[in-house]
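As written, the chain order gives the labels A, B, C and D, with residue 1 at the start of each chain.
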Amino acid sequence: MCGIVGVYGHPEAANITYLGLHALQHRGQEAAGIVTSDGDRFHQVKRVGLVGDAFSRGALAELPGHLSIGHVRYSTSGDSSLRNAQPFAVEYAHGSVAVAHNGNLVNAAELRRKLEIDGSIFQSTTDSEVIVHLLARAREPDIETRIVNALRSVDGAYSLVFLAESKLIAVRDPNGFRPLLLGRLRDSFIFASETCAFDLIEAEFIREVEPGEVVVVDSKGLRSFKPWPEASRRFCVFEHVYFARPDSHIDGRSVYRVRELLGRKLAEEHPVDADVVIPVPDSGTPAAIGYARQSGIPYDFGLIRSHYIGRTFIEPQQSIRHFGVKLKLNAVKEVLHGKRVIIVDDSIVRGTTSRKIVKMIRAAGAREVHVRISSPPTTHPCYYGIDTPTRSELIASSHSPEEIARYVTCDSLAYLSRDGMMKAVSLCGAPEIGKALPGAHYCDACFTGNYPIEFKPGTISSLKRIVN
Amino acid sequence: MCGIVGVYGHPEAANITYLGLHALQHRGQEAAGIVTSDGDRFHQVKRVGLVGDAFSRGALAELPGHLSIGHVRYSTSGDSSLRNAQPFAVEYAHGSVAVAHNGNLVNAAELRRKLEIDGSIFQSTTDSEVIVHLLARAREPDIETRIVNALRSVDGAYSLVFLAESKLIAVRDPNGFRPLLLGRLRDSFIFASETCAFDLIEAEFIREVEPGEVVVVDSKGLRSFKPWPEASRRFCVFEHVYFARPDSHIDGRSVYRVRELLGRKLAEEHPVDADVVIPVPDSGTPAAIGYARQSGIPYDFGLIRSHYIGRTFIEPQQSIRHFGVKLKLNAVKEVLHGKRVIIVDDSIVRGTTSRKIVKMIRAAGAREVHVRISSPPTTHPCYYGIDTPTRSELIASSHSPEEIARYVTCDSLAYLSRDGMMKAVSLCGAPEIGKALPGAHYCDACFTGNYPIEFKPGTISSLKRIVN
Amino acid sequence: MCGIVGVYGHPEAANITYLGLHALQHRGQEAAGIVTSDGDRFHQVKRVGLVGDAFSRGALAELPGHLSIGHVRYSTSGDSSLRNAQPFAVEYAHGSVAVAHNGNLVNAAELRRKLEIDGSIFQSTTDSEVIVHLLARAREPDIETRIVNALRSVDGAYSLVFLAESKLIAVRDPNGFRPLLLGRLRDSFIFASETCAFDLIEAEFIREVEPGEVVVVDSKGLRSFKPWPEASRRFCVFEHVYFARPDSHIDGRSVYRVRELLGRKLAEEHPVDADVVIPVPDSGTPAAIGYARQSGIPYDFGLIRSHYIGRTFIEPQQSIRHFGVKLKLNAVKEVLHGKRVIIVDDSIVRGTTSRKIVKMIRAAGAREVHVRISSPPTTHPCYYGIDTPTRSELIASSHSPEEIARYVTCDSLAYLSRDGMMKAVSLCGAPEIGKALPGAHYCDACFTGNYPIEFKPGTISSLKRIVN
Amino acid sequence: MCGIVGVYGHPEAANITYLGLHALQHRGQEAAGIVTSDGDRFHQVKRVGLVGDAFSRGALAELPGHLSIGHVRYSTSGDSSLRNAQPFAVEYAHGSVAVAHNGNLVNAAELRRKLEIDGSIFQSTTDSEVIVHLLARAREPDIETRIVNALRSVDGAYSLVFLAESKLIAVRDPNGFRPLLLGRLRDSFIFASETCAFDLIEAEFIREVEPGEVVVVDSKGLRSFKPWPEASRRFCVFEHVYFARPDSHIDGRSVYRVRELLGRKLAEEHPVDADVVIPVPDSGTPAAIGYARQSGIPYDFGLIRSHYIGRTFIEPQQSIRHFGVKLKLNAVKEVLHGKRVIIVDDSIVRGTTSRKIVKMIRAAGAREVHVRISSPPTTHPCYYGIDTPTRSELIASSHSPEEIARYVTCDSLAYLSRDGMMKAVSLCGAPEIGKALPGAHYCDACFTGNYPIEFKPGTISSLKRIVN
C-alpha cells in the first residue's frame, strides 16, 4: 500500500507535500519521496525510511517550486530498495514527467515484456514504472491526452498524481479501488489519499476524485474529464476495515464511524457474556468501543501499545522475530486479572499474532478470552495494492473459525458476517462532510475471492536479474 | 528522566538488557547504552538515539558476557551529546567499573568542583560522573564498601546499577525517589526501573529495591544491606501521574489503576454536564476511562495519535515547531461535532499544547470544551530527575485555573486537588503483585514546592567550557 | 577520461577487476564501479570516490561470478553524481547487459533526442547511456551483432567492454582514439586501458585491441572481427604526453621512453645555460630526466610532492582554492638556492599553476627560472574524452609563448614543436613488448585543432532537467 | 610518530593549524584533531583518518578562536580508535587545558598506575594522557609552572604544545629527541614539527625550540626558560634518514641535503659496477641522486609509485595484504630491461618489501640487482616515538647483510656504516637557513641499541580492559 500527495500553486509546495506525507505515513513506511517543479526543472529527494527521517531541513530546502508530488511506499511489487522508491521522475522527449502511484497493476509484467521488446529500459522492479514508459512512447501533443492513452492499456488499481513542468494531473482508475481526494489550501489545490493529510496542513476537503476521472490543474485553473467507459465502483472495503486512518473521511464516510458500526454489528451478531471489552490497539479501538456500547459491557484498555514500534502488518523486516508482538503490546494485569475478556481486532492474517495476544491476556490472569473480529475471514490475497500474503498463508483460507479458535487458544472466536460488514458501511454517511455515494459498491475480494479484475500469474519481480 | 537495567548471570546478558531498555524507551529517547562484562573485560556500545536504532544486530554481537547494565537517557543534566550517554565505564586502580543512573544529584556541581581541585578530570557534563570519581578515590578493598562510602557525600535522587568485572550492585537512595525493581529470569537476576521490562523479557517480578538498600549479586548469590540512616520515603508521585508506563507496577501499585482512580476522583471533584469524555492519548487515557465511568458520560476516541512522533514532553528538538501538536494528534470530527466535550489530560506544563488541542477540538465542531487535569497544578520544577522547565515557564506557577482556562480557550478547566490525588494513590494497591508499603509517603514538590532535599543553585552544565 | 577493465573466466573476477581499476585510478577519481555476472544474474557495486574507498571487503564479497567489467570515471560528459557512474547495467528484452566506456561520443545529444522521441527514458546525463539504448532497440538475435549495429550510428571515441550473462565483448572505435589492451592471466582473458593493470594482477600482455576491432570471449574461446570500414588510426598523442601512467605500454610504445625522448627533443630544440634541471613531479619527471641527459645539466629534485593530494588537472572540486598548488608541491631550498633552474612540465593549461610554481621556485632563492614544456602549446579543447577546458580558458589559444612567459613570471619559456613531439613518438618502439604500428597516425587536435571527427555543438548535459 | 602544530594570535587559527597538519600528514595518518580557544571556551574536532577527510569546511567553521593546537597521529602507544586521538582537551580545577604530543614516554605505565591509585580516571590508552593528569594534580598557580612540575616525573621523548584559555606553551624534552620549531606569520607565532608546515602557510622560520626549553606565548608576547638540568642533545637521526619530509629543515639541516650526502657516502663505501641507479620512491630518491652523482652511474626512474596508497611503513591495516608493495610500486620495463641495476632505499625493516621490490625488478628484465641502504642495519626497536616492530621482527637484528641479501634475492646488498651516516649528517649544515648546532649529538638507538633513556617493560595498552 502507498500514500500519495499532489500540490499545485503553493510557494512552499515541498513543505506542504512533506506534511501531507507525514499524515499518510501509515500507508507506507519503506521509502518516501518528493519531486517538485520550479516551472522549468524538476528537483527530487527520495530516501528509504520514514518521512521524518528521509527529509532533513536541508533536503526540503533543495526542493524549490510551486508544484510538487510525493509518495510513501510499502512494497506490493518490487523490493524495498531505493531504486523502487517513488515518485518516478524521468526526462523524455516531451520534457520531464514524474508520477506517484497508489494501487497495483495486474498486467504490468506483460506490458513490461512488450515494452522491453520495443527497446525500453527499466530502472526499477515496480509495476508503476510501466506507466512512465507507456507515457514516453505516447505521441499526443498534450500530456493529459498522453496519460489517458497510456492508461488505456493498463489494468488494475491506480490512484495517480502526475507532475509536468507546470501542470499537475490526478487520475483514478475506473473502478476507484484506492482513494484520492481533492482539497484546497487558499489558492492552492491539494490531492491526497486521505483527509487526514488535509487536516494537518489545514486544507479544506472539497470532494473525491471520482473513479475514472482525470483532473488537470495548471495556470488556467482546474478542469476534469472522464475519458474512459463508465465502470462499476469497487472501492476497497479493507480501507474502511483496517487500512485508512480513523480520523480520515474517504468514500464519503468517516472511517471512525464505519469502524464503530462494524463493532456494533459484531456485538449484535456475536454477543458473549463477559466482564470487559478491550481492543487490540490502535486498529481495533473504534470497533471495540462500538462493541462495548452495543453490548453494554465496559470498555477498558487491557493492552498497552509501545510508541516505538510500527504496525506488525506493515513491517517487512523484523530483527528479533521471536519476540514479535511482545515488543509492541503488553497486557495490563489490573484490567484483565480474573476477568472474562472480549478482545476486538479488525482482522486475522496468519493467526500467529492473535495467538500471542491471547496467550498474553491469559498470562495476565484473564478467566476467559473471547476473540471478536470486525470483518469476515480474510481468505484471499489482494492484487490491487494491499500486501496480504499468499492464500496458503492466510489461516482463514483453509481453517474454520472453530479451528482458528483452537489455534489461537481462545474460548470463542467469531467474525463479522459479510452482510453485517456491508450494512455497517452503507449505514454510515456523513452528509455534512461528504455525500454518501448512492450506487456505491465495494471490492471485497479479500473476503470473497470475487476479483473485479482478472489477474494473470507471473510477477514483475521475477524478471529481476540485476542485484544491487 | 532515564531508565536503567541490570542483568546478572544470563548467557545473553546484552540481549536481555537490550529488550529491557526497549520496554523502558519512554523513560528516555536521547541516547542508549549497554556495558557488559565477560568476567574479565568490559564491552560497551553507546549511541545517540532510540534503542532500536542504536543497537544493530552487529552491535549486540560485540557485547559478550553474563553481566550487563544498560541505560536510556533523557537529559536532565548535561547536553545530549554522545559523551553524556550512559552507562559510564571507566578503568581505575581497582579494575573496571560502570554505572547507570536514574535520578538527579543536587550537590553534583559542588562535588565536581572539589574533585577537580583534587585533580580529577571529567569526561562528561553530567551529574552522574561525580559518582564514578568518588568511587575512584575510595580506598576500601571491596567495591560495595567503596560504593557505599562514595555515595555518603552525594545528595539527591539516585537509582543506580553498577557493574564490576564479576559483580552487579543495585542501589536506591534513602528517599527512594525513583523506582528500582528486582526480578528473576530462571537463574538470572534482573534489575529494572519498571515492571514492563520484566514482562517483555518474561522475567518474574520479585520485589522493589527498597529506599536506602544496596543489593549485591555475584557468584555467591544475592545479598542486601542498608548502610545509611533510615529516611522518609519520598517516591515521585509524578511517576504515577505521567511518567511510568501504565502497564507497569511500581511502588507496589498498578500505574494503570492509579490513573483510573485519579480520573474517578477528578469526576467526583469536578463534574460537568457533557456528551462525551475523550482522553489526550495516550497519557490521558486511563484517567479519561475513570472519569467516564464515574460520571456515566460516554467515553470515546476523539483524538487520534500518530505512531510516528514521540511524546511532546520528552523531545528536546522539534524540527517544524509551528505545527507542534498537530503532527502528533488529529481530531475525529464524527466524535466531536456538535458535542459538549470533556477532554482529560494528566498535566499542563506551559499551556501551549492544551491551547492547540482545545482549538483543534473546536475546529472539529465541538459545542463546548471542558478541560480536566488528573493532577494538581504543576507550579514548581523538579530537581530529582524529571526535566520540567523553570518556574517562570510553568503556566500554573503564575496563573489561576481561570486564567489558564482563558488562555487555552476552553469553557471550563479544573485540576484534581492534592488531597484527591493522594487519596487515589493510597486507595490503590495490588496485593497479588506487590504489597502496598504502609508508611508510604510521596514527593509532590512539583505540585507544592515542598522539596525533600535542599537544592543549591549553580548547575554543572554551567561548568562546560569545551564544545564539541 | 576514464579507465576500463574486463575479466572473463576468473573465479575471483571482481577482485581482479578491483585491482585493475586500482592500477588505472589515475584515469578517473570521481566514481568507480564493478558489475559481475554469475552466468545468470548480474551483481553491481558503484560508488562515488576512489577505488580503495568505494569497495570495502564486504562490497567485493557481494560480487560473485566469473565475468566482470569495471570502470573508473572522470566526468567528461554529465555531472559527477552516482547515477552517472559506470558500468551501466540494465535489463532489456534480451536479458541483462552492462557497458563501461572510455572516450566521448560527439553525436550523443542528437542520438539521445532521437531515442527519446521514440520513447526511450534515460537514467543518467552521460553520453555513454546512448549506447545502451541503441542496444536495447536492436533486434538482432546475438549480442555481438546488436552491438555492432548499435555502434554504427555512433560517432566519436570509444573503447568499450560489454558484459552479457556469459559473454564479454571488447570494442574499439575505428580511429582507435583511446587505448584498449588484451591480456591473459592463466586461463582468463583480461581487457584493460593500460598495461599497468596487467602488471599489478600479474597478467601477461598479449596485444592491443585494434582500432575498429570487436573481440568476443565466451565459453567457445576468443574470436575477433572488424565489422566497420577501415579508418585512419588516430591514437591520442596526449595519452603519451600526460595521461597514461609512465610504466604502461600503450600504442606499442613505452610511455616512459616516449616522455624521456620528448625531454631529449626539448633539450635539442630549446637549450638554455643553467645549473639544474628539475621536474614538476610526477608527470614531468621522465621528460626532465631526458632533458637533463641530453643537455648534460644535472637533474635534481627541487619540488616535493605531497602524497595526500591528487593531480591538479583531474580534481573537479578543490576546497581551499587559494592555496592551490601549494597543498601539493613544495620547493626544496637547498636544491634551488642561488641556482639557474630549468623546470620541465608536460603541458600548460590555464597557466595559473605554472605561475605559482615559478613563484615558489623564486621564493626558494633561484637566480633564474626557465620553463620548458615537453609538448606544443595546448590551443584547442578535446572532444574525445579528455576534460580540457574551453578554448577561451586555454592560455595558449590566445597568447604567444612570450606572453605566457611574462604571465608565469619566468625568465624564458619554450614548448616542444609539433614535429619534435611526433619524432619522439615515432622514434620510440619496444619490439620486445609490442610492435610499433608502421602506419601509426595520431590525433593531435588539442595542439592543432585538426579534429578527425566533426563535433556538433549542443551538449547532453544541457538537457538535464531533473536535479538530485 | 606524530606531528604537532600550535598557533597563537591568528584570526583564523584553526585554518592555519589545518594547513600545518596537512603539511605534516606524513608524520601520522590515523587520526587528526584541532582544539581552538576563543579566549574563554575551547572548541574541538577530532576524527579518525587523514586531515583532508577529517576536517570538512563545516568542521573548520566550528573552530573559532585566535589560539589553536593540532595533531596528526600514528599510534605508538594505544590503539587507533577515536578516543586516543589528540589533542587531549580537558576541564580541570584551573579551567581548560589541551595538549598535543609527539614522542613517547617510557615510564607512562608506571605513572598511570600511580595516578589511578590516587583516584584518576583515564579516558584513553595513550601515554600522552598521563601528562594531563599530572597537570590536573599540580597546584601551582600559573600553568607554565604546573607544566614544568608535571613534566619532572616524566621520562622519554616529548615535543609538546599546550593550549590554555589565552596562552600557548611549547615544550621540548631535555634530550630533544623530536623536532619542534618556532615560526612567525605576521603577528602570529607558529609552532610545528617541521619547516614544511611553515612553507605551506607562508610563515617565516625563526629557530628551533631548544631541548629542555619551555616557550610561553600570551598577550605579553613570547618568553622562554629552561627549567630542567641540561642534558646531552639526542636528536633522532632516523628523522633525517627517513621520517621527516625532504623539503623540511630540522635540526639546523636540510633533510634533502642530508639524504643526498648519505647517498654519496654510500657510493663511496659500497661502489658497484652497474648501468643505472634507481630509488625506491619517494623516500629513497635523494639518496639515489647522491649515489648516482658520486658514482657517475646514470640515475633513472625505474619504479613508479601510485599516488593512491600511503607509505607502507606507516599503514597499520592493509586490506589486500598479499599484493603488498605491488599496489604501491610498479617497475618501468624500459628502464630496467637488460640492465645492471642499483636500487637505493633508506632502510630495511622486515625485509619483505625489499624482497618484493627485487623480484619486481628482476621480472622487468634486470640482469643484476644491487641493493644499497642509506643507513646502518636497523637492529633495535625505537622507544621514543617511531613505531618500529619488535626486535625479533627486525631482520637485521638476527641476520648478517649477506643473509639478508640471500633472503631478498639480490646480487649484492650493503648498508651505510654508522660512521658514514654520522659524517654525512655533520657535514651538512645550511648556515643561511638554520645554524648547525656545534655540539649536536644524536640518538641512533635503532642502529646501535644505545638507548639514552632506560625503558622499563610493561606497556600501557596492557591495562586496557574496556573494549569499544
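The working rule: a residue touches a chain if its C-beta (ideal position, glycine included) is under 8 Å from a C-beta of that chain, and two chains touch if they have at least 3 such contacts.
Please read these numbers as outputs of a predicted model, since none were measured by experiment.
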Suppose you hop from chain B to any chain it touches, then on again the same way; how many hops at least until you reach chain D?
-> 1
Measuring between mean CA coordinates, which chain is farthest from chain C?
-> B
Centroid spacing, where centroids are CA-atom means, of chain C and chain D in whole angstrom = 36
Mind checking the centre-to-centre distance between chain A and chain C? Centres are C-alpha means, answer in whole Å.
-> 52
Distance from chain C to chain B - Cα centre to Cα centre, in angstrom = 63
Chain B: positions in contact with at least two other chains = none
Could you please write down every pair of chains that are in touch?
-> A-B, A-C, B-D, C-D
Flag every residue of chain C that touches chain A in the complex, lowest number first.
-> 40-46, 62, 89-93, 95-96, 113, 116-123, 132-133, 136-137, 463-468
Residue numbers on chain A that touch chain B, as the complex places them | 19, 22-23, 25-26, 50-52, 57, 196, 199-200, 245-247, 249, 254, 256-257, 282, 285-286, 289, 293, 298-301, 304-311, 319-320, 323, 326-327, 330-335, 337, 430, 432-433
